[in-house]
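A short write-up of the structure that comes next.
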Amino acid sequence: MWVYEKKLQYPVRVSKCDPHMAKLLAEQYGGADGELAAALRYLNQRYTIPEKIIGLLNDIGTEEFAHLEMIATMIYKLTKDASVEQLEAAGLGPNYAQRDSALFYTNSSGVPFTAAYIASKGDPIADLYEDIAAEEKARATYQWLIDLTDDVDLQDSLKFLREREIVHSLRFREAVEILKDDRETKKIF
Amino acid sequence: MWVYEKKLQYPVRVSKCDPHMAKLLAEQYGGADGELAAALRYLNQRYTIPEKIIGLLNDIGTEEFAHLEMIATMIYKLTKDASVEQLEAAGLGPNYAQRDSALFYTNSSGVPFTAAYIASKGDPIADLYEDIAAEEKARATYQWLIDLTDDVDLQDSLKFLREREIVHSLRFREAVEILKDDRETKKIF
Amino acid sequence: MWVYEKKLQYPVRVSKCDPHMAKLLAEQYGGADGELAAALRYLNQRYTIPEKIIGLLNDIGTEEFAHLEMIATMIYKLTKDASVEQLEAAGLGPNYAQRDSALFYTNSSGVPFTAAYIASKGDPIADLYEDIAAEEKARATYQWLIDLTDDVDLQDSLKFLREREIVHSLRFREAVEILKDDRETKKIF
Amino acid sequence: MWVYEKKLQYPVRVSKCDPHMAKLLAEQYGGADGELAAALRYLNQRYTIPEKIIGLLNDIGTEEFAHLEMIATMIYKLTKDASVEQLEAAGLGPNYAQRDSALFYTNSSGVPFTAAYIASKGDPIADLYEDIAAEEKARATYQWLIDLTDDVDLQDSLKFLREREIVHSLRFREAVEILKDDRETKKIF
Amino acid sequence: MWVYEKKLQYPVRVSKCDPHMAKLLAEQYGGADGELAAALRYLNQRYTIPEKIIGLLNDIGTEEFAHLEMIATMIYKLTKDASVEQLEAAGLGPNYAQRDSALFYTNSSGVPFTAAYIASKGDPIADLYEDIAAEEKARATYQWLIDLTDDVDLQDSLKFLREREIVHSLRFREAVEILKDDRETKKIF
Amino acid sequence: MWVYEKKLQYPVRVSKCDPHMAKLLAEQYGGADGELAAALRYLNQRYTIPEKIIGLLNDIGTEEFAHLEMIATMIYKLTKDASVEQLEAAGLGPNYAQRDSALFYTNSSGVPFTAAYIASKGDPIADLYEDIAAEEKARATYQWLIDLTDDVDLQDSLKFLREREIVHSLRFREAVEILKDDRETKKIF
């Protein structure tokens, strides 16, 4: 189970109201390679992965929920002072018609999140390559999001998230090597 | 952010290997009225609900993740000792072909989870009735799941979850009343 | 069965060609809380709801089809005189590429309608709270749509629809009370 | 708008409780070529089809809703006396876990209805061939459903529906010819 | 099996960088009536269609893959020199955030391709009318796409594709007649 | 463009009518890690991958279509002599009601194929890890399918496909190394 701590993993600051950037950030909220997909993927794999990898999945899965909360906070801060006209101009008219300025788990095109984005195979090597791919895809998206804004405060938070994905990718690669070593050891004895 | 505590909110015990019951329990894992839908719904609404309701959404949303973990544990325990033949007989052949005995966020028919199951309106009254409806629907599903098994250990955990949904429904109804009182107070002065 | 009467439940007039507003109105045509979702939800629940509520579901479900037709008429009138350039400027370029100025059951972001938006539980209390939530969500959307236009003729029709949702919500709340009273009466005798 | 008449278009009788047949009939309730898809397709096309075809679409679309109600009645009658064990044996365990014996808009595999099954092009010839194809596909499904049951009462209702699809297909073919004649006439003068 | 030949079926030239047109062309890449849908539909039907029609489905299905490659080439050429600002202005900001200027199988609104767009009935007449409808719908879309651009080079390729759809439609109509003749011949003897 | 050669990449033989195995094989026809997903993923990535990798994607993508055809042939051969009773017993009753014994792009649970299963990022490293993960997931599924049948002829074809996935995975890993070497070389000079 999880205990909520009333703080963000890393501070989220934005320099200006920017609903268009909020629209694009939805990609990491409810998109294919976003934080929700990541958290759900890793926590679900815990039940069939070899025991020595469970802790890693648990730690990273839990951290991804903290990232999801950071993204939510960014979207909220970027839109909370926007007028209806600003939302419209930012391409968020459909979101306003549907839910005022509330958040939702869609990608940046407005397509609702689906578990079809993620995989669970019960094969440790397949699961871990799925995870490495996920981190590499998220890393790429964070780079593009950083490129899309000139808000240095927002960039700072996004850079933190991009760095975390790189670290996660490395840790999943190490996990592949650990499992491969185990297999070879077993074959010898 | 969340901190993981290595324990379940309430113990999960099962008396026997029962993969067919595991298949049906997927309804509360990745189904329309399941725990994933519940957790995501409440945590997402936090950003636009009136401030005095945020804590309630945060508490219940966090608890639903603990419930999701309980359901995952049930599914895992009910299937971990099943042979391929037992999985096939239980209607889990498609799951085996796709992912061995790994879990996944589908409903009991095998349909992947979609955020289309949940709503977020940015209108406090609409959001809270959405939440009451969600709890009533989950309560009903838990009752049917209890009826579908004769495993008293499993029933014990399911009854705990059903009771929690009833408590949540009451708390969301109270929240509606609090908001209505506020509105009236504001109208008077 | 139903008999078609060649009139709208309430007149639909628009003051000007406004394809962008048509795009936003799609939310109530094929969106999560729209009239199609409403009609299908109530008519489907008729088969397992207690007998004394069937008529209510039948009446409201049938009325929602009349509302769906009003929304279709609005969308048609707002776009029928638009040039391709106007459709493009209104964000309806994708719709034009796909189907000229024909209507379709998507939400305002262009996502096709899915039955995953609606629920059917066979539990009368859960079904009725689902219905109350649906009406409250539709009520909220109509308010935002009214805010999004300055066309007083269009607003007039939208206000009619918003009022009907409020009436429906009240009637579903009364139905909950009727069922609760029945349960208590049964317990006493 | 539509007025509800409390009768079915054609009587629905079933000779026995048969939940497995109910499961298969869902194909015509919420499936790709089912009655819901048909009704929604035709009524939506009314707004952009040439005026002389509107009445046909209106008539057939309205009739398809009557067919949808007949299918719902079949499913209800085939399952209303089934025990949980019978539902389970019929492959309806997932439906029971999710919604007791309530109906829902899925196909016979349990996949929720999506508007992606239907098309709307705003091109009269394309729309009418879409409609002919729809009727031919529904005709084929009714034949297979008739083959799947030995309940002569149920077969009687299904045969009625199959015949209606054949009639509709013919009427849509006539409509294609009418439009083609018009085009040629216009070319001459 | 297929052998790749390193050439396009018909040359694809574009006169200018035009990412907005690329966005609209996605309709024929991953949309409901696009080339992917067409290719998959015909090749899948080969297994249950009467033998004398298999070759036709094989030829047209294979050709549709060549068309898919032409559309991909158009999209690539129209976007490859676009700056991020141009992508944003063209409504491709969400695509950039998600995948830089990579292609993907969505329609022009960004909705991912689904097999729900296509049908397979195992009834030859139903399958062939499905195919005629598909070609008529694609033909209409190509016309609208031609109308949406003033790039004569691009129009040239699109006109080629539109013509091919008309030819395919005729060939599927002939196939219907062949099957009908066969049926009548069989009835006589 | 592609040229069709009227032969399979590798022979497909089956020893017996086995519609249940056909149902499970659908996982590799229209499932998340199936051959359709693979072919579409690689061919789509060709447009933004570095030039020296294009040929690899083209070759493997084209080969995956040959695999898709092998899977289709297996499904066809395993079901073509099955009676309606056998289809029903194998869990293919819903498929029969919908399309006789025709094939369709669903997974083994009957869920239609969606492009949400695949990714395209325009980032070469992310794309290649996506591809390695895809091959590892397909490799795992083939192993489970081999375990699910005792038909040695069918196993022979499945083993061929499994081996090809292993080869593809290796080739994608080599491609990652080639790109990494390039990057380092560029950094040095």
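Going in written order, the chains are labelled A, B, C, D, E and F, and every chain counts its residues from 1.
Basically, contacts are C-beta pairs under 8 Å (C-beta built on N, C-alpha and C of every residue); 3 or more make two chains touch, one makes a residue touch a chain.
Computed from a predicted structure; not experimentally measured.
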Intersection of contact partners for chain B and chain C: A, D
Steps needed, at fewest, to go from chain C to chain F via touching chains: 2
Each chain counted as touching chain D and chain F at once: B, E
Chain separated most widely from chain E, comparing mean CA positions: B
Numbering shared by both copies at the chain C-chain A contact, with half separating same from different: different
Chain pair repeating B-C, as identified from A-F, D-F or A-C when over half of the contact pairs by residue number coincide: A-F
Chain centre separation in whole Å, for chain D relative to chain A (CA means): 42
Rounded Å distance, chain B centre to chain D centre (Cα mean): 34
Chain centre separation in whole Å, for chain E relative to chain D (CA means): 28
Residues within chain B bordering two or more other chains: 32-33, 91, 98-100, 106, 109-112, 114, 116, 119, 121-123, 140-141
Graph class of chain-chain contacts, one of line, ring, star, complete, other: other
Chain pairs that touch, as defined at the top of this document: A-B, A-C, A-E, A-F, B-C, B-D, B-F, C-D, C-E, D-E, D-F, E-F
List of chain C residues in touch with chain A within their complex: 20, 23-24, 27, 31-33, 91, 107-111, 140-141, 144-145, 147-148
In the complex, chain C residues that touch chain E: 84, 88, 91, 93-100, 106, 109-112
Complex contacts: residues of chain A adjacent to chain F: 32-33, 114, 116-117, 119, 121-123, 125-126, 129-130, 132-133, 136-137, 139-141, 143
Complex contacts: residues of chain F adjacent to chain E: 1-5, 7-9, 30, 36, 40, 43-45, 47-48, 58-59, 62, 65-66, 69, 72-73, 75-76, 98-106, 112-116, 118-123, 127
